[in-house]
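Single-structure report; data block below.
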Amino acid sequence: MSAFFGKLMQSKKNQIILFIAYVVLAGAGLFLLPDSTIAFLMLLFSILILYHLNFNLRAKWISGIVILAIIMPFIASQSDSYQTYMEVGTLVGIYCAMALGLNIVVGFAGLLDLGFIAFFAVGAYSYAIFASEQASKFMPFGHYPLPGGSFWIFIIVGAAVAALFGILLGVPVLRVRGDYLAIVTLGFGEIIRILLNNMDHPINITNGSMGIASITPPNFFGISIGSSSQFYYIVFGIFLVVIYVVRKLENSKLGRSWKAVRDNEIAAQAMGIPLVKTKLAAFAIGASFSGMMGVVFAAKQMFVDATSFTYLESTMVLVMVILGGMGSVPGVILGAGVVIILRTQVLTNISNWLSSISADYGISIPPAISPEKMQLLIFGLLLIIFALYRTQGLIPHKNRKVNVEVLKKESAEAALAREKATSGGADS
Amino acid sequence: MLAHIIQNLPQVLIDGLTLGVVYAVVAIGYTMVYGILELINFAHGDVFMTGAYIGATILFLLMGFGLLSSLPALIVFLIVIILAGTVTGMLGVGIERVAYRPLRRKNAPKLIALITSIGISFVLEDAVRFIAELKTGNYIITAPSMFNHKFNIDIHHVLPFFNNATFQASFLLVLVVTIIMLISLDLFVNKTKWGMAMRAVAQDRDTASLMTINVNRVISVTFFIGSALGGATGVLFMIQYGTINPYIGFILGIKAFTAAVLGGIGNIRGAMFGGVMLGLLEMFAAANLSIITNGAMGAEYKDVFAFIILILVLIFKPEGLFGKAVVEKV
Amino acid sequence: MTDTASKHFLEVNKIESFYSQIQALEGVELHIDQGEIVTLIGSNGAGKSTTLKSISGQVRPKKGSIIFDGMDITNNQAHQTALLGIAQVPEGRRIFPRLSVRENLQIGAFSVKDKNVIAERMERVFTYFPRLKERLSQKGGTMSGGEQQMLAIGRALMMKPKLLMLDEPSMGLAPIIVEQIFDIIKEMNKEGMTILLVEQNAYQALQIADRGYVIQTGKIVLDGKGDDLMKNEQVREAYLA
Amino acid sequence: MNILEVKNLTKNFGGLTATSDITMNVEKNSITAVIGPNGAGKTTFFNMVTAVYKPTSGDILLNGKSLVGLKPHQVSQFGITRTFQNIRLFNEMTVLENVLVGMHQNLKSHWIGTLLQLPHIRKIEEAAKVEAYDILKYVGLEDYVNENAGNLAYGAQRRLEIGRAMAAKPKILLLDEPAAGMNPKETDRLTSLIHDLRTKLDVTIILIEHDMKLVMKISDYIYVLDHGELIASGKPDEIRTNKRVIEAYLGKGAVAND
Amino acid sequence: SSKSGGSSGKTVIEIGSQSPLSGGSATLGDAIRLGAELAISDQKAAFEKKGFTIKLKDLDDQGDPKKGVANAQILAADKNVLALVGHLNSGVAIPSSEVYEKNSLPMVSPATTATVVTDRKLKTVNRICARDDFQGPAGANYAIKTLKAKKIFVIQDKTAYGSGLADQFRNQAKKLGADIVGYEGITVGETDFNGVLSQAMTKKPDLIYFGGVYAEGGLIIKQARQKGFDGPIMGGDGLDSSSTVQIAGDAVKGVYLTSVAGDVTKTEKGQEFAKKYKEKFGKNVESYSAYGYDAAGVILKGLMKAIDDNDGKKPTREQVTKAIRAVKDYDGVTTKVSFDDKGDNKFAKVYIYNFDQAKYPPVQKAEISQ
């Protein structure tokens, strides 16, 4: 059976046909079934399948974007759960970008960061403060809330402010090494959270534990953006940019410097890599992704308070990175997707389903162990199982391989050219 | 202002010490596991919590047999703490078997164990909650009160600029027991062959096994000791604070981990010192911050205060207070 | 397990060892008799270290078997094999960096209970390497390269094994010490220790060895008496300058 | 002309004097060897030149400018690159990437340019790969281009270290026991490789090595350390017969063998 | 689960519920859910008659705003869900209600007291309990006028609820001329509050006020007593739980609290409810059990009205939203309900309780209407 399947998948044409069939099937399921979470997940799963097929890279990218930006939203829009699906999609996008940012810090540069959510918070608050009445409580000039159009500028501002904080955090990092870093970052994250939760006096900057409510929704050429399906596209856009940046950086000079520092600091320095600058770059760039998404998050929730930025959140982002496969971009994306979908959708659905069958069959479960309460337990078990069975992560990191044949050829050509040049020089 | 702070000092010291020794012993669990596996065992705070529940269970069982009233409190206490420590120790060994050893066998990257430890942490919290709630209807458990005789230190009489301080008998108990635990552990690790084996395993597992050291056994023993200490501390915690719930391990875990780092992670004396210092710092900050800042910052900033001190310490002594700078021969 | 297999002190039967997917040994076969000095030579990456690691249990062969003193140790854990009396001086020294020199030596005799025996053996090591005695409380990791090598050899001697496997013991040592190392090996051998020696310094290795094996890309391609191998045209061509 | 001058260099570790009052001059484009018994202070000397350790006292001058007080990466940027006695590769990176990192300081491809996909940046990166491949061919690792460096056998790792250091195109190349872990045949190849390197890269080489055959064959000048002190210096023939050197370091056999 | 069939071929209508079922304040969260469940099972028959099966869809918001919002999306997407009982925590209710508003899904909260909840004037947001700007001042009045407190030390838990309430209390107390000798924050989840209490002791207050929930409040009470504080300690509805007694033990004596929930055991109706509750779930009632029950009751009343107005067909959410807001003089087990234009209950009262022994419920001392 599997041999047959293997053979079937060998030909590219078969792959294309089967893949399209799968997408159509999942899409039809999403379209036709009234409650189609499974079909929705199947459709998302197609991206993972796509990743494993051996199409060329461009075809994969295009099909992936088409599925996520057109097919999925369109079909889902026919469903009652449209906004739910889009909300899940939006959250996945937000956390993917954040996890990709953390991946730069942890996966590439090898710096364990337990307070990463702070940058998200900084981004969120920077928009929340200025896009609500809040700013007028301490700003002597200007009119607040700023109009929804400012959102677009704030995406950049959020990135910049978060990057700045990243550098700020970097300063103690210059001296602290290895796992001591973990605790410094944890402390930093907690400090930021506590400050945000308390800066309502003497000057009211963050409105303290009451949080900031009534944040102005973004405005796109006069259209006010409020629904998850709209945010989905904003997030999707940012997400594509982030992926592009990460992929390019990974194989750039800077990316190699990160990995060199991660693998061996002393040797990296001996090769002329400045430790401080390289680490700071990792912190700043990683943080900036988080900051951008923080802005989006604030705009989407229309309310922020410090409870969204706890230490547990930081560890969740870290879980996404490690679970997905440290340093592996597709892995980290998958990790974020799995964790978010589990937490927001699957676990809730499972527990609902359990309690509805127990109700249907008239089984009375003591309130102490009712399935609604078991989400964390199931999540914990799943984490353990994942980790034990995918020890290298869901999609383990692989170093990009160069094509040796091409190098060989180019090297020969270059040698020939050099030879010509020297003999030519001799001629004249 | 200063007068206020000074008046309060004896009480703040006592309270800080109480909290500090609890941090210290839990911190040792972190430090030991970290020292040997370079793993931040996120589940350790919850092992501590489970120990408290196990202790409570034993206490209630004893009460059920009517032993609580017939035996001297100290004997009951010893039974409970030893039994609870042992059971928690075995729990720790079990966790290591299930969640960490398979990873080691598969040569997984170090950080993946972080995931299983977080998973274990969730599972422990919820499992304890279910069981407690199922048995008692409420997951918050209040232990029968023991050692709640109150003492008053009449220091004001001797040194009039101090206010009097009070503490309960349980404070003395906590202090004495933790000091005994800490000293015996320190001796064990620094003076016995097992201790040397632990340090060797920590530094190079493969080579340690070439020296006839059974690496898995050493790790099991480490987990047993760390977890047993955690469990025993859980019992002390229950006696000192009276009430336990399944979530006490979370924040306490973070604090204890912080303390371990402050002292120099992997270093047992460091963990002790870091724990006590953190307890004192926190207590001092909570009691005095708003006096010092004239109301601009209150007790809610105590963790900021503690973390800033931590960061400062690490900036000036990056290997923690007791850690030795690891000179890497190049 | 099988007693029929115990013709030799150590028997390595067609073992195949892997590093995850990569095959490093493709059926290595060799044997050592009690009291012999046997050397294993081969170029970089041939599989010498992997062979030693397979015997000591650090790498578990997927196929084949290893019999030591009549016991099948193929699937032993490393510490079990070590307890049977097989010591290894690992490639790259692998000193415990944060243990002192003294502790590094003590741990070599981890299975020995008697303190006097440990002290005795330590004295013996000091006669070979007086430098170690001068530096008893220095952290192993801060010793110079050659000092670490001495420590690694000394640590293995502390175990007083039945079979001593040395992975490039002369590496990083001053010429004057290298000579001494080979003397020590001979001396140990005279006292009854069986030796398996991996050396880049093939010349000297073959000189003191009773027999030798040549390994190439994971397979034994040649074996014979030490002298014979030294004269072998192929060997001279490949390994001796 | 002296490219590197070392003046009264001393390093103490607590009570231990690892190098004591060393003065050396290294001539441009020469091959200079530093030899001596184990623990003599050779590696410590390298560590001070590359700013891994700060000298207790004394000075190190590169073309007349002091290097003391610089950061390791700055020293590297001034054109001094080294290999390590206990190998330090980037284990989780491929063999090719290791060499590319070696080339970094001469690689003019800023990451912002990479992000913008500027064509000339791509060209630079592409050319760098070809050059890295050439270097790998040179050190005989062309079959391991995509292998993780940590998976190489010991000898191969040594050669990769040399390749990585070469890639930096240094003015001064410090090699710490490059032949350790190589058999005589391989050492021979390495000898000619180092020899070629000097002319090919126009580089000054300082080398620590216990393989006397190699040292005597390629060194222009030799310094001998013992217990942190300079006990002799001179041309190979002078050193070979120096009584003090034989006693402390070479041993009788070594002389006979040669 | 949208099998529109149901067990007997009837149209399914679901009532959502969101409250923390796990975590620190689960005692109260669970009570809300169980109260709602009881209300639904009580009225199941009435709806069956009209051809509808009503069901509870209960979700755990974990006291976490993000989880609350995600759950809100799930509920909003389920077209069978026409209304929702919840939340417990103001901090969760505020962002979640933005989602409800967008989806016209009406919510009736039994317990969120923060002012912002209804001050945003959302059409879908209602609550049957009193507001903190009523509860806090009521507490202050009692503390100063009845308990004669002059120097008050305020501690709060730095959550939207705790600081909101403590702020309201402080402002009123100041107005009445009391001296606020300290105003300190603590961290939710911690267990040792001796530091703050030491500070309090040096200020020699004659009353300590705590804005927060029982998990921390219980310990503060206990530790304050251990420190030798024997004056009155006062708190808000967050302390109105059997868990306060469970945690504080004997120390709870002399604790006063304001609550927005009335004592069910005072009326016959209430006692009957408590009995039924205990029978069905094997637990004693908590402060918010009856409020969960009444919140669901209000929803069901509105729903029934909407069905009738819609000729017996399943109404739209908009219809239900309007019908619920229009509920007049609903007579529940503990409270009467009529909503004003913000969604606040005109009949909401604040009650003052005192623990005179270590037993829940405490003794009702006063009942204050607006």
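In order of appearance the chains are A, B, C, D and E, and numbering begins at 1 in each one.
One rule holds in what follows: a residue touches a chain if its C-beta (ideal position, glycine included) is under 8 Å from a C-beta of that chain, and two chains touch if they have at least 3 such contacts.
In UniProt terms, the chains line up like this: A, B = Branched-chain amino acid transport system permease protein; C, D = Branched-chain amino acid transport system ATP-binding protein.
Note that the coordinates shown come from a computational prediction; the quantities given were computed from them, not determined experimentally.
Listing every chain that touches chain B and chain C alike gives D. Interface comparison, B-D against A-D: more C-beta pairs in contact at A-D.
For chain C, the chain whose average C-alpha position is most distant is E.
Annotation: 35 Å between the Cα-based centres of chain A and chain B. Remark: chain D and chain E have CA centroids separated by 73 Å (rounded to whole angstrom). Shown for chain E are the residues that touch two or more other chains, namely 22, 26, 158, 185, 282-283. Shown for chain C are the residues in touch with two or more other chains, namely 142-144.
Shared contact sites, meaning residues of chain D that touch two or more other chains, fall at 43, 52, 84, 86, 88. This structure has the following touching chain pairs: A-B, A-D, A-E, B-C, B-D, B-E, C-D. Interface residues of chain B, counted against chain C in their complex, comprise 193, 196-197, 199-200, 203-204, 206-215, 326-329. Touching chain B in their complex are the following residues of chain D: 43, 47, 52-53, 84, 86, 88. Across the interface of their complex, chain D is touched by residues 19, 22, 41, 43-46, 49, 91-93, 131, 138, 142-147, 149-150, 168, 171-179, 200-203, 238-241 of chain C. Across the complex, chain A is touched by residues 34, 38, 40, 42, 98-99, 102-103, 106-109, 111-116, 118-123, 125-127, 129-130, 133-134, 137, 254, 257-258, 261, 265, 296-297, 300-301, 303-304, 307-308, 310-311, 314-315, 318-320, 328, 330 of chain B.
By the touch criterion stated above, chain E contacts chain B in their complex at residues 22-24, 26-27, 158, 182-187, 189-196, 198-199, 201-202, 215, 218-219, 222, 226-228, 242-243, 246-247, 249, 282-283.
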